[in-house]
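Before we start, here is the structure in question, set down as structure tokens.
So that you can tell them apart, the chains are marked A, B, C and D in the order they are listed, and the count of residues begins at 1 in each.
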Amino acid sequence: MAQTNNFPETRFELEIPDPLKTDEFILNMGPQHPSTHGVLRVLLKTDGEIVESATPYIGYLHRTFEKHAERMTWPQVVPYVDRMDYLASMNNSLGYALAVEKMMGLEVNERAQYLRIIVSELNRIASHLVFLGTYGLDVGAFTPFLYGFRERERIIDLFEEISGGRLLYNYIWIGGVAFDAPDGWLEKVNEFCDYFEPKIKEYNDLLTFNKIFIERTANVGVIPADLAINYGLSGPTLRGSGVNFDLRKNDPYCIYDRFDFNVCIGKGEQGTVGDSWDRYYVRIEEMVESAKIIRQAVNQIPDGDAKETVPRNVRVPAGEIYFRTETPRGELGYYIVSDGGKNPVRVKVRAPAFCNLSILPAVARGTMVADLVAILGSLDIVLGEIDR
Amino acid sequence: MREYFKNIYEAIVTILIGMGVTFRHLFVPSVTLQYPHEKLKLPERSRMKLFVNIDDCIGCRQCERACPVDCITIDTIKAGKDEDLGAASNGQKKRFHVTKFDIDMSLCCFCNLCTFPCPTECIYMTPEFDFATYDRNNLIYHFSNYTPEQVQELKEREAQQKAALANAKTGKKPEQK
Amino acid sequence: MEAKEIYQRLKDAFQDDILEFNAEVLQPFIKISPDKTEEIAQFLRDEDDLEFDYLMCLSGLDLGENLGVVYHLYSMKFNHKIVLKTEVSKEQPNVNSVADIWRTADWHEREAYDLLGINFVNHPDLRRILLPDDWEGHPLRKDYQPPKSWHGIPVTLANEEEQDGANE
Amino acid sequence: MEPILKLFTDLLPGLSQLPYWLLATLAALIAALVLFGFIAVFALFAIWLERKISAHMQDRLGPMEVGGWHGWAQTIADTLKLLMKEDIIPEKADRILFKLAPMIVFSVSIASFVVLPWSRDFIPADLNVGLLYILSISSLAVIGILMGGWASNNKWSLYGAMRSVAQIVSYEIPISLSLITVILITGTLSMQGIVQSQQGNFLSWNIFHYFPFMFVAFVIYFIASLAEVNRTPFDLPEAESELVAGFHTEYSGMRFAFFFLAEYANMFIVSAIAATAFLGGWLPPFSFLDFIPGPFWFFGKALFLVFVQMWLRWTLPRLRVDQLMYTSWKVLTPFSFVLILIVSFWQLLTL
């Protein structure tokens, strides 16, 4: 209905006659605020409804993961890694396991490889469903949230069946997976895909193509491609800016090169390329692609012992590695240094949401308070990962 | 102008489509469970409450070492030479009195790492999940069968044996208390 | 482009500021001098055949005697990577900031400053990022001793306290 | 008032000896109490209904425990809880305004009930300017909201209050304009008169007058009334994802309950006006259904509109402030002007 205004940056350099001059309004958005997705604090300077500057303050959820990791043995780090991005634990531990395996030069059992792909893609869908729901909440729609959680619940049930955990799984281990799939689990995964794919249309009817939703998100928080790359954005946030870059394709790990799937990028269907709607829609499309990968993996999975290659004692030779994987939020990198001992010397995590959030001050300037919420939501941050 | 009317038209149509979706769902059966009355059937592997079958524990302390958050504390006393503590159900011989086997469930991170190294599979996660209490101390589970008196007795005996051993090495007389 | 060639290009351009090249390890790295990081970064980003437009990761680490900063670079266009390393002493941990070249480095350098105390010269806004502004010390250093309390809030773990009590 | 007085004197003949002023005051008091009771009961019911509707739209069940059947007593329990909560006033708040705000908001909604026609006889006060009265009194609520937002001394509350003022002031216009079309047709401002002029079966209701133009007027009125009572997609004053809770962020306990009560009462009022002005008020859709009393139809129609409001709320996202203004000034207002023009010309042609 309404036309969205992109306020030119010069707006704030206008000469305002003295009697009309007003002070800027300083607002603390967070650490407790419904739409900061955790304990993030954003210091806002506003001119009425218009944000003049937004400075994120992080660290409220700092759990000293990196310091902890130095005290832990190699397998003990996995539960901690799970807790970083608690919406996509599988993807987190997958990255860590792959990094350590690469340092050890370990070849992982085929069946475990496939199981890893299945669970991490399922987790990607689950994480994007949470995004869908919370993003709906951010712009004021409540119902998609529960629809998203309804589907996510089924994924969690699947995870519980295979790993025992509902949120933090400790399933992907160095050298394989913790358990093989129970009987009938793979059929259930296929069933889930059958159930899930038609639901996408429901989300689209209810939210994606709703005019009000489009007005709220299209042309809001536009991130041009070069800015996105310079800020180190990754994952759907980068792809929303029209950059065709997916680590599963561009820097393949695991066995992703065996599957046929598309990389979804923002096309600016409803507004400019790189706006919030594009970032949102990339994630919706990605869920379909993930379901596609899952189907292929379930069809191709070989028989075998998934725990065959799990070493009893993890010995990592001295050396260092930077290994990156594509999590639902983007490029998750582990920089691991080992001195050959039983503990890592340094585990540095390059958290995707950490980099994605750092662009907020640059895009928030000149938007409205309501837009800021929409932008923040579209970055899909998880504070557990940012603060670690 | 066309754009203006197109926007209004789109707004009305998409809102009606959305209302159609929610209206359909008025008649879809609910997916939630009424928790205390209906309970989810948890799968076999679900990790909720830790349990130790202490009769099978051989006191090897592998679980204690595996735990990333140190929520398991085990005290053992070596069995005497002539003592036979029996064997665990899978045939492993017991060599220690497990005088203390405490698990602090308030610290537990439910990672399941402790259950894998156990040679007798006596520590495992059970699907029991509602174990909230009013006192934090109630979350410390004591699994050991030994009474404090027995523990005291065993400790004294161990101390004596140690002293005896030390005497045998150095050849000195034990000091009187 | 292979790591070797990248090294050659850098060596030709910067001579003595390129300290070491190691291709034996898992991921080949080039060691550079800490006060030339900015120029080298600029060169790596802007040269047409290098074009390292993506800073994957910037990490600080404690090497015992010294502090190290590791840059993992990637080129979206050519799909090649390189690792840069630099080392500074703990007494004078000054490294030139690359935050103006890759904005990613902004927060990562703040993090390295916060946790390891590496001072990034010319950083636009070098403040603590994860810890409170008035925190003392840099926790990721190997010799770091956590304080007993912070603003009256006990910092030590519960079981450590017990041990302290037992020792008394 | 007269029918009520008559009812009084019929029931207790002794009362008729009292002086008229005393009798009138008594009757007014009792009517006010009945209204208050109705509002309270209706709000309780509406909150429960909203929970149930939202739950079923979202594949949930909603409250199921308190009271037995589908948790019917849940809102009663909640109200009791709210009433018993500690009364917190922020230290830096303007205490007088802070306390006054919920009262104003609530009394405004009570006052609006005065002219709602429930049936042929039952209307608390059949003012000859009923519609005008209701329009003017309902815009007073914004003062209460502004007061609450300002007095809380909270930045989010202030935002909510300012938004609310801007919103209600601009949406008054399409509301009034769309009601003017009704006045053009019926030629009266009296609520009872408006209903009377729609006699016949449902095709003679104002909404089907000059089809489709009056239908459009109804839609405009309905959309604008959503904004008037701060319902989604126009719930910006309390947009929870942006402003925490908007103007009532700092309110708790009983004062919050009054805001809440007023919100649901207002929902009913705007729906009741719509029912009166467009849907024939207490008239049955077919004249053979005359034996069912008027209040049933009136309440049913209003309740249906309340249901649509809830339905919309659980479907739609929220608009942004500038889009809200756009909708009011650039879409609803021009459209209602055009409608007035069309309706007047049509009137002229059919004269």
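To be clear about the criterion, a residue touches a chain if its C-beta (ideal position, glycine included) is under 8 Å from a C-beta of that chain, and two chains touch if they have at least 3 such contacts.
All values reported here derive from a predicted model rather than from experimental measurement.
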item: Winner on C-beta contact pairs when A-B is weighed against B-D; value: A-B
item: Centre distance in Å when chain A and chain B are each reduced to the mean of their C-alpha atoms; value: 30
item: Chain B-chain D separation of Cα centroids, rounded to whole Å; value: 57
item: Chain B-chain C separation of Cα centroids, rounded to whole Å; value: 39
item: Averaged-CA centre spacing for the pair chain D and chain A, given as whole angstrom; value: 44
item: For chain D, residues contacting two or more additional chains; value: 57-60, 314-316, 331
item: Touching two or more other chains - residues of chain C; value: none
item: Residue list for chain A, restricted to those that touch at least two other chains; value: 1, 143, 150, 206-207, 210, 212
item: Chains grouped in pairs wherever the two touch, ordered by label; value: A-B, A-C, A-D, B-D
item: Chain B contact footprint on chain D (complex, rising order); value: 53, 55-61, 64, 311-312, 314-316, 331
item: Residues of chain D touching chain A in the complex; value: 54, 57-60, 155-156, 159, 232-233, 235-236, 239-244, 314-323, 325-327, 330-331
item: Chain B residues touching chain D - in the complex, by the definition given at the top; value: 8, 15, 18-19, 21-23, 25-26, 28-32, 34
item: Contact set on chain B toward chain A in their complex; value: 7-8, 10-11, 14-15, 17-18, 20-22, 31, 42-47, 66, 68, 109-113, 116, 125
item: Partner chain B, residues of chain A touching it in the complex; value: 1, 72, 75-80, 82, 143, 150, 153, 160-166, 168, 170, 178-179, 182, 202, 205-207, 209-212
